[in-house]
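Inspection log for the structure reproduced underneath, given as structure tokens.
Each chain carries a letter (A, B, C and D) given by its place in the written order, and its residues are counted from 1.
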């Protein structure tokens, strides 16, 4: 098929390359024309503007936006007047699904079809394929099957599921029409919420292993600190790169995220290249909002989000309140600074 | 090698079968002689008692205990007097590593070697191999390499790690000498703690997806309930068996636990075969104890443990306290029972 | 002053009574005319309709809405056309502050003043006074000072704060102009979020005390349950009514909520009158939403909210997912039902 | 009565002063003889050594230890040989109740009575009185009633509880025999666990109020940060000293800890005197251990403990793991440092 790609960041550029390998034709645009030029060597047609992009695509056009969620609406506002009835606009970024529902209605008024696609895979997606969670009208989604089929990992990417016999389903290919407008980003949102939780579970566990030698440190004795009762239980110097490699085989917690972790620890066993300030990108937050709207308890997913906030110092004032209270009732003074280390 | 297996439950019996496939000789014992008889058809030598088991093994003996953690000590008390200097006792169950440290010292007084092995793999281990986390003396562990090598999944069980070049390491085989006595069960303990967290992350996320249709239910209006502000955002009927199958390919959250979840949902999409009372088996609790001793924050792993407690009704009295307080300050009465459903 | 009260539920009726004691004149209206009639014996003027209420008040009118948050907008839609420029509408219920911001703008277009008042105090407020958190225009709030002064507890309700010297401040009276439109309900929202957390802290702690006798129960031995290692540490039969009464004097955790708890336990030591299904009324949810928007970590306040969700069975499907996974990897079956008790 | 006090820190010295006011005679000892001298001006008898202290007390002796938990055992080891059958040793510090159970048995072998007293009140206790949670033999506790009666706040310290009619109970005085050995410190332990939770609830809520102005800050637009969707909802500059003072009157969350918080914010509205490194002193940890042993879910109390760990940088390595994973799957780099501010 022919497809126009708007946005050539890490994700967009790799997706175009994967589409080219699958013999699709791509016209590409990015505000940064350098990115467009860099791609043209790969056999794509570059566009100098949104209007140019639209002009270079056959009708009904298929346009894929791969942009930061914060700029999708302004791009849509510029793009929509350039389009014709029957064209399809796909938002493959990390939009909030509320926006999908609104945008789909707005574009429908112009007879333009809107499809939301939650895209997982990251920088490995070019090789590994992208897991695509799709929302929109059934017919529109079906028309885009060749695109989705090329982008997704394909059936061989995982062992077949015993007992599964659903010939019509595309889930085994790695893409799925999840429901009406917004359903794709809704499922991707929760996917990312789960991702935060899983990442946090590994991180907490590895932190425990990392400090299995605390019994070797001599403790201080004062009224505010309880000494370690059994230092003899914490005398282990554990080799995290080896342990994470070990867990990749046969353990209940083997996963792709574990593979990445083992790889990172292999290169940098103490993770000295990182300061531990962890960003969060929206989906983790929206997941909690949805959970609360639905009355679904999500202590794990929330804890994972808050750990990221705290890693960036956002608990600071709350911590000061605690210190002030302790001073108030017990006359406790804060202890000297212990630098944030590993 | 020759090995005596004590305990022929789900785990022990399968491990013997895998050892037989690897051309080891096994003498087996279980308190339930039926289990011994069932195994004898597989080519093992059965033992009628611990003494019989010990008598049928060549010196220095290798004995593997695969028993509930609660009965290991009583079995060791019976077993130790039957053994000779130089014999090796392996505890492959889910013992607390504190007990390993104590037992190793006790057995060392008799010149018996003790090895603790955290074993992950579950019922799939016979086919998939067992991930073995090992603690003990270096030489003893090395002597057991043929056993560990057969039980573990082997290098092909996971894709090779780019950049890894550690020829002497066994982690790539799926077994690892983690450190001195207790280190094996310590690492396994944290492994299970992580497992609880990962499981909980999927469970919470799927619960959100499951209730993505709450906007279809009409709400009640009273002073105690806030109505859903945007029911139009919760109109999705999501297909969980399809979505979990989808995530197996290309997504960031693909894992073996996800494979199992997709399989369970394929068979029973609403999980009607389960009541939702979730057991916990010790390692999850000990993980939190260790984290607290080490001053390591583990909100995710704790939340996962508490969710299991709550699933069994253990929050009941706390909930009553909340209701009593609400009655006290607001005159609030509890609403009629909503049965615990999915 | 003269004030029209709309809504004569638990809160509204008591507030009218307190205003009467302070020599204000009240015209009252409720959809349920029985409530109006019941109040008329107290010396108020009853109104048969919103129009009647408006007609019976002198201009510029002051109207106080004390209604479930879910019906405020529909009442405002009926009321606004009946009002004149310069009238004041107060929403003293539990509205979401987003709505305050919107409503204030809508009413401003009609030159009607809007004031949001977060009201704490519950059923005890008639005697104890109401803590009032107020948002709106400065001049409008000042005009209402006589009302606020009567409703609030007054300076003697708490011991004077050492070193405090802010003569103009009304905080010591128990009411405060917190900021522009919405600020009152914003502060009340967070107040309730804190309330959930405090309540939950007591509830969890009392649950631990309640089960300090678990060492007396004989445990089962199987591969899935870890026995209590030290039953001798859990042999206490603690008297919760006495302990909560004790804590009321001199302890760091004395509070009004503790007073209520001690009172409830005195009447019903095992809280057998409650089933433990705990409602949540909106502010707790909105507090978390605000925290997430602000990147403020709130693990405690979230945990308190989720405990209420879980008390109503909302974790059910997540729990089933855990059981299904455990069956998948370990062949574990759920244990027989343990009824939800205290 | 006559009482020997061992340990003249913040708590011990004030307790002696309160006992003196109640016409008890005190012999005092502290390793730092300066502390002894300082007290002698108050009318106590100083002791130069433990032996001297014991010699100066009439038999049967009553000795009260008010020491850091970490040094109680070494002091008891020195003290016990100096005592006689029938003497009473009271540990009023923050000992782990496991130690009480052990010590009581050890001392019982010498016919010495041991009493554990959990003491709440902090530096305000001299004026306000101490809330005393007592474990030990019934008769021994009864013999000490004059001491407990003087130290505790007395019945007037809280409003009488409606409907309470338990003439024999001392809970209304502010002291209580909670149960056998260890029961006092068990109840105090849980008391402190609750305290952590309550403190954390206020701290989180105040942090939300503090950042109610985040909408005034301009956000950045990139693929990793989700912009604040409604900055117009976060335009409030809230006055925390005024709001906390306000809540002291009539609100549901009024408490002694709130009084302290309001006082601290009055003196230092931004809490600039604190860095936010919060200590924890043992009871919070042991509370979680007990909860886990009892299978009682305690997400709030745990979160409160972990917030303290995190405030001291203990999540550092876990945070680095998250950053490393994010780099692995998404090529994400950490953002520049944002200093830990309020």
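As a convention for this text, contacts are C-beta pairs under 8 Å (C-beta built on N, C-alpha and C of every residue); 3 or more make two chains touch, one makes a residue touch a chain.
Computed from a predicted structure; not experimentally measured.
A.B. asks: Trace the shortest chain of touching neighbours from subunit A to subunit C and give its length in steps.
C.D. replies: Contact-graph shortest path, subunit A to subunit C, evaluates to 1.
A.B. asks: Quick check on subunit A against subunit D: do more than half of the interface residue numbers occur in both copies, making it same, or fewer, making it different?
C.D. replies: Same residues, largely: of all residue numbers at this interface, over half are found in both copies.
A.B. asks: With contacts counted as defined, which of the two, B-C or C-D, has more C-beta pairs across the interface?
C.D. replies: C-D
A.B. asks: Return the distance between the CA-based centres of subunit C and subunit D, expressed in whole Å.
C.D. replies: Comparing mean C-alpha positions, subunit D is 28 Å from subunit C.
A.B. asks: Averaging over Cα atoms per chain, report the distance between subunit B and subunit C in Å.
C.D. replies: 42
A.B. asks: Going by the contact rule already set, what residues in subunit A reach two or more other chains?
C.D. replies: Subunit A, residues with two or more chain partners: 122, 200, 202, 204, 207, 211, 229, 252, 256-257, 263, 285, 293, 295-299, 303, 306-307, 310, 312, 314-315, 318, 329.
A.B. asks: Within the complex, which stretch of subunit A touches subunit B?
C.D. replies: 97-98, 101, 120-122, 125, 128-131, 133, 152-155, 157-159, 161-164, 166, 169, 171-176, 178-180, 182-183, 186-187, 190-198, 200-202, 204-205, 207-209, 211-212, 214, 228-230, 232-239, 242-243, 245-259, 262-263, 266-267, 287, 290-291, 293-301, 303-304, 306-307
A.B. asks: Touching subunit C in the complex: which residues of subunit B?
C.D. replies: Checking each residue of subunit B against subunit C gives 9-10, 68-71, 93-94, 96, 122-124, 199-200, 202-204, 206-207, 210-211, 221-227, 229, 256-257, 260-261, 263-265, 268, 271, 273-282, 285, 299, 303, 307-308, 310-332, 334-335, 337-342.
A.B. asks: Quick check: in the complex, which residue numbers of subunit A touch subunit C?
C.D. replies: It is residues 252, 285, 288-289, 292-293, 295-299, 302-303, 305-307, 309-310, 312, 314-315, 318, 329 of subunit A that touch subunit C.
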